[in-house]
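Structures incoming, each one as structure tokens.
Each of the next two complexes has chain A plus one more chain, namely chain B in the first and chain C in the second.
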Partner chain A sequence: MTARGPASWLTAPGVALIACVFLAPFALLVAMSFWSQPNGTLLVDPTPTLVNYERIFSDGYYLRGLGRTLWLSLVTVAVSVVLGFPVAFWIARRAGRLRRLTMAVMLLPIVCGALLPTLGLVNLLSPLGIVNGTLKSLGLIDRSIPLLGTQTGILIGLVQAFLPMMVLPLVAVLDRLPPSYEEAAKSLGARPAQVWRRVVLPLAAPGLIAGSVLVFCASLTSFVTPQILGQGKIATFAAMTWQQASLVLDWPFASALAMVMLGLMAALGGAVLVLRRGARS
Partner chain B sequence: MTAYLTIRDVAKSYGRATALRRIDMEIARGEFLTLLGPSGSGKTTLLRILAGLLEPDRGALVLDGRDITRSPAWERDIGLVFQNYALFPHMDVRGNVGFGLEMRGIGGAEAARRIDEALDTVSMRDYGARRPSELSGGQQQRIAIARAIAIKPRLLLLDEPLSNLDAVLRQSVRVELRELHQRTGLTTVMVTHDQVEALTLADRVALMDGGELLQIDPPERLYECPASAFAAGFLGSPPANLLSVEPHSEAGAIRLCGALWRPTGPAAAALSGLRGPARLALRPETLRLLAEPAPGAIPGRMKAVEYMGGERLAHVAIDGAAPGTPALLVRGAGALADPGQLVYVLPGSVTGVFDTDSGARLAPAQAGV
Partner chain C sequence: MRMNWKATWSVAALSLALSGAATAQDFAGQTLVVGTWGGDIERLLREHAARPLEEKTGAKVEFLLGGSGDRMAKMYAEKSNPTMDVTFQNIYEAPQALADGLVMAPDESSPIYSDLWSGMNDGCYAMSLVGLGIAYNKDLVEEPVEWADMWDPAVKGMIAMAPYPSSEGDGLLGVAARLEGSDEHDPDTAFAKVRELGAPALNYTSLDEVFALMDAGEVAMAPMISGYVLAALKEWDNIGFAFPTDPGPVLVRDMVCQVANSPNPELAAMFIELALSPETQQAYAEELLFGPTNSKAVLSAQAAADTINTPEEVESLLQLDWPYVISQRSDWTERWNKDVLGQ
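Right after this comes the complex of A and B.
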């Protein structure tokens, strides 16, 4: 007899939980995005309509918010690739205590959640914070650089929060890349830059793609980090959604905003799948 | 011999661990040399230094009149076949074989012709469109060789190329490697820890241990006339018996592992100059088992007989030997005696007499240069 794991009925609670607290509310969200809420009332009209989507794609405020959020997410991905690749490669080529320690440090942002490190960053980045203080005492600047309430500040927060999501999949891929691939390429006449372009990068691509998708989706939907570091001055798409749901109390419109974010992620996921299938054939 | 590749005074350490002590070697054009030794002997380190993947702490490498000591790997034109083959998994067979040509700016029809040529050399022409993952271990190895020879290397390096193949395949690939070498005439250096591979393939074998080159000689000479006790005890299956010998007060007699022995023939000649304790190497296949005493035979008791298919390996405890003396191994076809029986072991040729401390050869003198 083959080992079949726990009996099937033992999976029921877990599956049921996901079904009840994730799938059901999610389905409601999808449906609600096609409802409407007449101005000045809190009553919902469940007649199917595209009015919420029309509003998002015709109002410059939301389009600009969408563009800003996309831009922040893409830059976060780019910076994470540049910072994460060397770290991942370094980890993959090490063994023992130093490797475990570096991995643990890279995992910290995930373990700590969003709030704690972000509040720490506020101290670091504020006009009277450590970064500006140090730069001033070194005489490099005489007026504080505005970091809080700017896109730069948000970017710093997003990268520190999501860099592990780039590094971990990359380490997983690079771990399975024996050094002899690079050595073989070298012995065949490839210079270091060619070794990277023709051998390391193509073989690391699955990890780069996985990491990029993870960082992109996490940045796109991130709420706490941009909200705190942006000090409410920079509205991201997630913040707009939260405003509509919690302040304006227009749930159908908030649902539509959430659907747009979701659509973006689904489109990205689909594009990656198509690309991978294309690369394989 | 005019040297094609000269390795001069090469040494390498990792921190406090010495990998290579001081290596001097000359290899002729077209020669097939194997680096043989146990793990940790420094053979792989030397191969990686030749390939340019490791930098020696000191010393020089001269290949075909050009000092390549400081040349980076990608400028050396040295073909390298890895133990794990290291075929690029994201390229098909032709992509792999053509990689070195592409790096040299060779493309189009010229590249296609040379890829075909390399694939023909290893009889893999029809596999060009396959991915490495779609090939068996033996096929991957052929492609790895094709990839290395497609660049028309000035030197071909093989790092334990047969160790990942099963026993049957290993033998046929061994023959193919030898044929490939004869056809291409490429100067080849192969690392192996398998003495059969080393002896069957090589023009000369470089025996290494502890980061040092112990002996570099043609296979027959290395086997029959080892320069050190280590060489005698490393080569052969089973390797040579190494027996402690001392002069005896009685003329013509020897103290063999503490027991009295009166050698005759080649053994007597080899031991005639014995001045102090030494070690006598006798290969198991040169010994004869007798049922009756004979002049020059060593009396002993049969401890065990192992049937090895076609022949037997007898373990003989030398009569009167000091406690802890290992059994004398005798290899032959005869099924002479049952365990416990008294037997007589008659030595034929002597593999060597070696200094007890240094392991250096004392007698008989090595023939030739």
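Right after this comes the complex of A and C.
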């Protein structure tokens, strides 16, 4: 106890800050999701009701939005695995002196935030952007191909933004995997594909799972990237929540939408924990 | 522009005179908080309303900049303890804010009230008059341009729209319903007609964005609100702006509101009076091409031609039932997302 005393005290400011700026507003968010906004006013009625949740789960529009957001997140995870695994393997095994530089470049999208690279992508993908401009000047197209305001555009942005979250955990896992394991498998007669499938992939699984969960949750809750690249035409769940909160000013309904997304992520987190426990036992 | 300089000089002279007369310094140390849009609007309000008020009263005027939706959210969040004294809102927000008790009803006995065009002070005081018309690429669209031309198959998929909810979107719904012989109280007809336009080529969030695409021929037409658009258009040779006649352009107003139970009600009333004065209104018209609501504002021939500034012009505009429209906001937003954007 004596050793713990001072350390516990030192956590007090942090805990107090979290209580004030996160826990208290969060409690209000939970409560407000059970309030309602009567017709003809923007004021809220704090009588507890399930009307917001009923609306979300009975209206196909919101369920479709949820499905679309889940789909975009899953595809982002899949593309990130395919693109990220070779990069992580290269960094862990082959990069040598380039390792630090490569890691720094990989970290850039995380360090500079979502807005800057997304606006860069707008210049690249817009109807008057570099991609369409090049295609037009080569005479391949007359009118621009829509890339902004499409799911493809959003996917490009999400993968670009969150790829490092896949690569970094994978590098951490592959670093601890001695090359001698693969050599041992080869010496026992395994073909290269078998080495990958039977040795490398199972041992890299914790990194793959961690990276997938990170990329999935980041994509699911991403707002800036889908909003800018989707140009308000592709409604993700975060965009729907923002529209209700900031434009329609129906805060109770927006709170309920936020709670549904939070519930989904909690369920996913729980499922991963159960899976890992199952894998260990 | 000559009128504008005159106005600026007269305000400057007035301010000097007021600062010389060291009377009414009763408000020293107080800060009036005014919520409005950034850019030119803030600059004009600072020059023509805030500075004279500061010099006259010794108070400080602080601007809180952002979108009007942010200000609505702020007013609702601070209902019991407002920090904002004056706020500028849209035509559809003001009546709702009044109905919910967030702003004070315009004072009919105040001298400035009778200077404003009658019937305009709906919820708050009317600050400026603009109309929803059509911006178009002159090479792709034949003049004169009417609303019905937007439904021409030749421009299908080449219409840009403002994101919904917005006055532009509500205006387009009102127009679409009228083209089918109905009005905004018949949303089924309105949405069916707007849906025929197909998904918008662009959901524009800035004028540059839509004009660049219109210039390049990727966008043919866009329902847009006069004012800023007319001022910005002077830089684009092949883009025109039309006020259609069948039906006429949709009247859109900016409103200035005094927040209920605000910390500085007297200063707020004085600021609003300065904002609605002929000087400020003339500057709005000359520089931004926003039509004045003050009947005593005198405009240059150029500004008069580009703005809605006479009772007859106001009469020709299409007026929507905004209190009804705002009551439908939640449903219509969902419907717009589904029917127009195909989500």
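Criterion: the second predicted complex is superposed on the first by the 261 of 281 C-alpha atoms of A that agree within 3 Å, B and C clash if a C-alpha of one lies under 4 Å from a C-alpha of the other, contacts with A are read in each partner's own complex, and residues count from 1 in each chain.
We take it that a contact is a pair of C-beta atoms (placed from the backbone, for glycine too) under 8 Å apart; a residue touches a chain by one contact, two chains touch by 3 or more.
Treat the numbers as computed from the prediction; the structure is a model and nothing was measured.
> Put chain B and chain C onto chain A via the superposition and say whether they clash or fit.
fit
> Is A:250 in contact with chain B, with chain C, with both, or with neither (first, second, both, neither)?
second
> On the chain A superposition, what angle, as a multiple of 10 degrees, is formed at chain A by the C-alpha centres of chain B and chain C?
For this superposed arrangement the angle is about 150 degrees.
> Applying the document's definition of touch, where does A:231 land relative to chain B and chain C: first, second, both, or neither?
second
> Could you let me know whether more residues of chain A are touched by chain B or by chain C?
Residues of chain A touched, chain B against chain C: more for C.
> Please work out whether A:143 is in contact with chain B alone, chain C alone, both, or neither, and reply first, second, both or neither.
second
> Is A:277 touching the first partner chain B, the second partner chain C, both, or neither of them?
neither
> With both complexes superposed on chain A, which partner does A:61 reach: first (chain B), second (chain C), both or neither?
second
> Tell me the contact category for A:41 with respect to chain B and chain C: first, second, both or neither.
Only chain C is touched by A:41; chain B is not.
> For the superposed arrangement, tell me the lowest C-alpha distance between chain B and chain C in Å.
Between chain B and chain C, the shortest C-alpha distance works out to 46 Å.
> Residue numbers of chain C touching chain A in their complex, please.
Against chain A, the touching part of chain C is residues 69-70, 72-73, 76, 79, 96, 99-100, 163, 165, 199-200, 202-203, 205, 212-213, 216, 218, 327, 329-330, 333-334, 337-338, 341, 343.
> Under the definition above, what is the set of chain A residues touching chain B in their complex?
178, 180-181, 183-191, 194, 198-199, 202-203
> Touching chain A in the complex: which residues of chain B?
Residues 51-53, 72-80, 82, 84, 86-90, 99-100, 103-104, 147-148, 151 of chain B touch chain A in their complex.
> Using the touch rule from the top, collect the residues of chain A that touch chain C in their complex.
Of all residues in chain A, those touching chain C are 37, 39-43, 59, 61, 64-65, 127-128, 143-144, 149, 231-235, 243, 245-250, 253.
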